[in-house]
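In the two assemblies presented below, subunit A is common to both, partnered first by subunit B and then by subunit C.
Moving on, here comes the complex of A and B:
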């Protein structure tokens, strides 16, 4: 151990030296505080929303249209519906990056109809690539464990077989979001990162009965973009679905009613809960698509209050017949 | 003045022992560590987002309760695909989403579920859901509300059936669902094994007869008796209502029964339900002479009949023919099950 050096004498020079150091230290801390000072303070939520709104993924020069086709084979139904709408190339351009928002809510086998059928996922992904898409992403924030949901529903394998990439809802992919003029979607976690990475959004959803909302179709499918304790929205289920209709302006939605879950939704659990309604609806107005899909559940627009609420918010029309392609 | 030192001697301010070299290096190391921590905090806080934090905290949250082996995990021919998951009332919707409300209204306490794969064919799997309710009536309520009309009854339990890919039964306070990944005979056989093992592990004493025994047998549609826990017929005060479907000669109606806490409560509820129907456009209809003391209301081209007898609230819902509805109400009224 080294010998302890004797303390310096406390003379004038020593004093001035200490004074200078103390002054510099104070100035440094002050400068650091100055650098951290947020002169504007936290911005109101409305300002955040207005400053960074979700883009409108719909194609502006296209009128809202809707096609209804019938058949027992999902791939053929998708092909026929898109042909009626002018083909996938009307929606997807060369180099587009596309997000397929599926319903992978439950770790359930595809035959139960609780999730988007894998045949729909693979077929639509292939059509996107054929239309020139550069990248196709598939995502959802399921109710159950995400990896299990994507695997057991067959969606992960279907996406992979078509060359699409599954994006799991990891925490880092969420951002707080406030829907402009929204009442429920305010400063709420949104699965935003996949939406930032794409030019087009296509919703792929099954037709299901829903114990709370009456139906889970194209609009309810956007619920899977929310994070956090979203089950609190079940108390205002119609309002949240109407706000979701305003939140996402998709390029296209495809509602698969080849088999419809007519009871015990949204989980089902038995093949007896399914009815072979053999119908697929595709369109650019999700409100109209759901209005058309209500009949597959033996319901009317009046049975599903969120449809008229969404219409009043300006998200679309329940008069789907006016949009039907001939 | 001697003895008083007015000026400190040179070096008095520095009388403290100077730190050693080791102490200096230790101090520098501590300061460097603090600086690194401060830098880390600064970087982390600059990336902080309450939304991400909220989502992460929700998604990584463990199940509400530690598994308690509600159901056996050792089943011949089946291999667990993972540990059991458990959910309570606060987390039930994390598993079954919007259907949670059905269970919560019926007295849900906990859910334990677990997936099993066939030992000799892991691609085939099934999932067992054990819902524990606060009373057997709650288990029957969720069972009956979801009963599949084309399913095959099973003799495993008093209330049990099998569908192409699933098995459903009530055992005491438990509602058991077993759902397969496919419709196969092998999986069906394993489902029955699983159900049988569960029943053996959860014996129940002979249950006391409830309102189900009071429905007239004539014209009763098979497997139509159900229990609605809350908000029956759209009237929020009608809870714990047993219903049964009847049909004959092109006529149809639904009978309902509910034992209340007292005759007074049954009478009050009968009156309130009649008022509710009248509020929504119903019209009183005079019951024919000789009919039991019932209130008859015509609404939406159908008939509603309601009465109280002892502690029983009873009636007929949506009868498409007045005479048929009154005949059914008369049989219900004549039933001796009411406690005065």
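Moving on, here comes the complex of A and C:
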């Protein structure tokens, strides 16, 4: 034990010194308390702002257009469709940063058609770079393990070969977002970070049967930008697809029906589930593109209620014939 | 270079190598992924795994033959594995160093005095090996000529529990299920006990250096038993000594080199060599001039008691019935798992299969499959990033003991040479109609059907039109596609694309939208409008999921994706699993 030192003399200087220290300590504690004082307590979720609105990525003052091309070779189809629309330079300007939203939902090889075909990814990425794009990002929030999905679907290799960069849907890339006037997309995790980094968004989707919604095409592809327990949206699948049509106003969408998954979708798993429909549809109005794509699955607009719902919300038109380029 | 520095470099190298093998054990072709890294090498070098498996299965599986190298070297060098290679030993030695840093030499020496409890590890070894040997004893007895009415096989069971205490399995478990997942921000249910055991023994080293090695480690005990025959060993060159005990200041094994050395306790840390001012201690082929205890400090009585305990413990553990009629259907084993009794005779609980799983859907079991099954792999479709990927066989190939038998993708999918046997089934999905949204709550969903990866899908649906609650209304007026009803409706409620309406005797017509008092009938269905004054019934179109038992492989993707989060509305149980013939449920 250390010896206890005797108390110092109790003079005035000593007392003033102690008084000063006590006063400063009280002031310091008070200042700290004031700085951290929360008068109201936590607010309800609805009062918390959820995200600044997403920009419109479409080209302003450009009439909506749509091109349908036929052929068995995906690269040639992409080239032909974009030529019909006036070339990639109509959509991508020098220095643009472009996001390719692919459908990489499942860890399945490309030949099974459950994911965007890697040829589409590499071709579109190259066309973007040729049009002067500075950077091309590729992303999706798949259903199966993300890294496996991008690897097995061949999308990662295709992106790499074209010089594009795959963005995996890590938790830090999501932000809570509320769609203005939306009913379902309220305070919902959105894969926002890659969207913040780009000027243009291009959707690349396969044509797939979907037992719940009728089809998974260009609009359903935006589902892969949602995070969280998005499965509950299946209760109102058509409403959520219509809201997604409002959420993302893309620069361009490309619907690849070179092979279409006509049954057992959206997972497929067998070559028997595919049909060589040899069609590729590209356009600036995703509602019209999906309306045109319905026929590939032997469906009509009436079989896909979300298309008319999206049209009523002002996201596009189901009358795709009016947009066809000659 | 002093021998102690060499030893430290060796320990650091092997510790780093061990951590590296744990880190790279993920599916992929990058340098930092599985590729060809021998991630099981430490488990294979560990002769306790090999010996346990030899007793339990009468075979030494594949790379476990490496254990022979360890045993052979031990016969020459002593417990080099403990002092120079074992990553848990190195970790404990480091913690022990932290614990005694700055203490006076006398306190350090006191910490390294031999303790009677050091014999406990030999007891544990005897009991663990005896528990694994039940089947071998049975096998030998069945070959002995004698009365032909010998009891049927099964009353002597083999229970391989060496993995509970084996330091290499313990380290793998700790890194695979506790350290790395924590670093990655994931949690395995049941990993708390695994982490707690590691941390407890880590902290105990601050008090007694190498606590686990000295008192618990059955692998150390096994090598200690062999050490009595080792050619080289630590000992005094002459039996004269100032009795300063400085050689025991940092003695890791607590083997008393200053006095009569306990050879079986010496871990070859070599810390006794340099402190001796008279250079009396050496690592030599001669026994110590001061005499030595070659064998552990245990009695024949204790050994017999421990062996008997082990032999009896195995069938006793089986009495919980988890490997027999009382099997727990919640325990779905990874693909390639052997039938439960054979599986338990091999599983080391090392967690390699859980680490390598690309969707991290394998978790360590708690007591779901009995005490024997503690920390063994089971699928938990609420954890991980998906269900069990049906074209993946990674876990079956990393299993060091073939508790998960190596599968080919063809065998798993039932194609090629396996087309006749059909796909491997882990279990079967059952819809819980009391929780499923379309079944119990008239709410569309079928996420399970969407995600079923089998082609054709094992989950199919049947369409029904259910009348909605309070959905019968009198028709007031009909104008074009607009039907006005005598009721107040919530605007937009029936405009989701899933609602239909039906007159007295008509087919359901799709509703496109509704406002406060009228329904808008979708085009294409508006040809048979209801009559004014008649009754209109609002229906919801539901697709109710069914499981096709002939197609379901029990991968659990449906259970993982089910939006009913707490207790899923579709769940996979081990019913119909391929590995256990007597769990077969469906004939085709």
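Criterion: the second predicted complex is superposed on the first by the 281 of 326 C-alpha atoms of A that agree within 3 Å, B and C clash if a C-alpha of one lies under 4 Å from a C-alpha of the other, contacts with A are read in each partner's own complex, and residues count from 1 in each chain.
The rule we apply is simple: a residue touches a chain if its C-beta (ideal position, glycine included) is under 8 Å from a C-beta of that chain, and two chains touch if they have at least 3 such contacts.
The model shown is predicted, which means the values in this text are computed figures rather than measured ones.
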Overlay done on subunit A, so just call it for subunit B and subunit C: clash or fit. clash
Subunit C versus subunit B, contacts on subunit A by residue: B
Once chain A of both complexes is superposed, is A:181 in touch with subunit B (first), subunit C (second), both, or neither? neither
Touch test for A:266: subunit B only (first), subunit C only (second), both, or neither? both
Is A:239 in contact with subunit B, with subunit C, with both, or with neither (first, second, both, neither)? second
Partner chain(s) touched by A:212 [first = subunit B, second = subunit C, both, neither]: both
For A:21, is the partner it touches subunit B (first), subunit C (second), both, or none of the two (neither)? neither
Where does A:231 make contact in the superposed view: on subunit B (first), on subunit C (second), on both, or on neither? both
Report for A:321: first if it touches subunit B alone, second if subunit C alone, otherwise both or neither. neither
What is the contact status of A:144 with respect to subunit B (first) and subunit C (second): first, second, both, or neither? both
In the superposed arrangement, which partner chain does A:70 touch: subunit B (first), subunit C (second), both, or neither? neither
If the two structures are placed on top of each other, which part of subunit C overlaps subunit B: 364-372, 382-390 or 490-498? 382-390
Give me the intersection of subunit A's contacts with subunit B and its contacts with subunit C, in residue numbers. 106-108, 143-144, 146, 210-212, 229, 231, 234, 237, 263-264, 266-267, 269-270, 272-273
Which residues of subunit B touch subunit A in their complex? 10-18, 20-22, 49-56, 58-60, 93-102, 115, 127, 146, 148-151, 163-166, 168, 177, 179-183
So, in the complex, the side of subunit C touching subunit A is made of residues 27-28, 358-359, 385-386, 389, 391, 437, 443-447, 449-457, 461, 495-498, 510, 512-513, 522-525, 543, 561-563, 565
Contact set on subunit A toward subunit B in their complex: 1-2, 4-11, 14, 105-109, 111-112, 143-144, 146, 152, 169, 171-172, 174-177, 187-190, 210-213, 216, 227-229, 231, 234, 237, 263-267, 269-273
Subunit C-touching residues of subunit A, taken from the complex the two chains share: 106-108, 143-148, 151, 210-212, 229, 231-232, 234-239, 263-264, 266-270, 272-273, 300, 302, 305-306, 308-309, 312
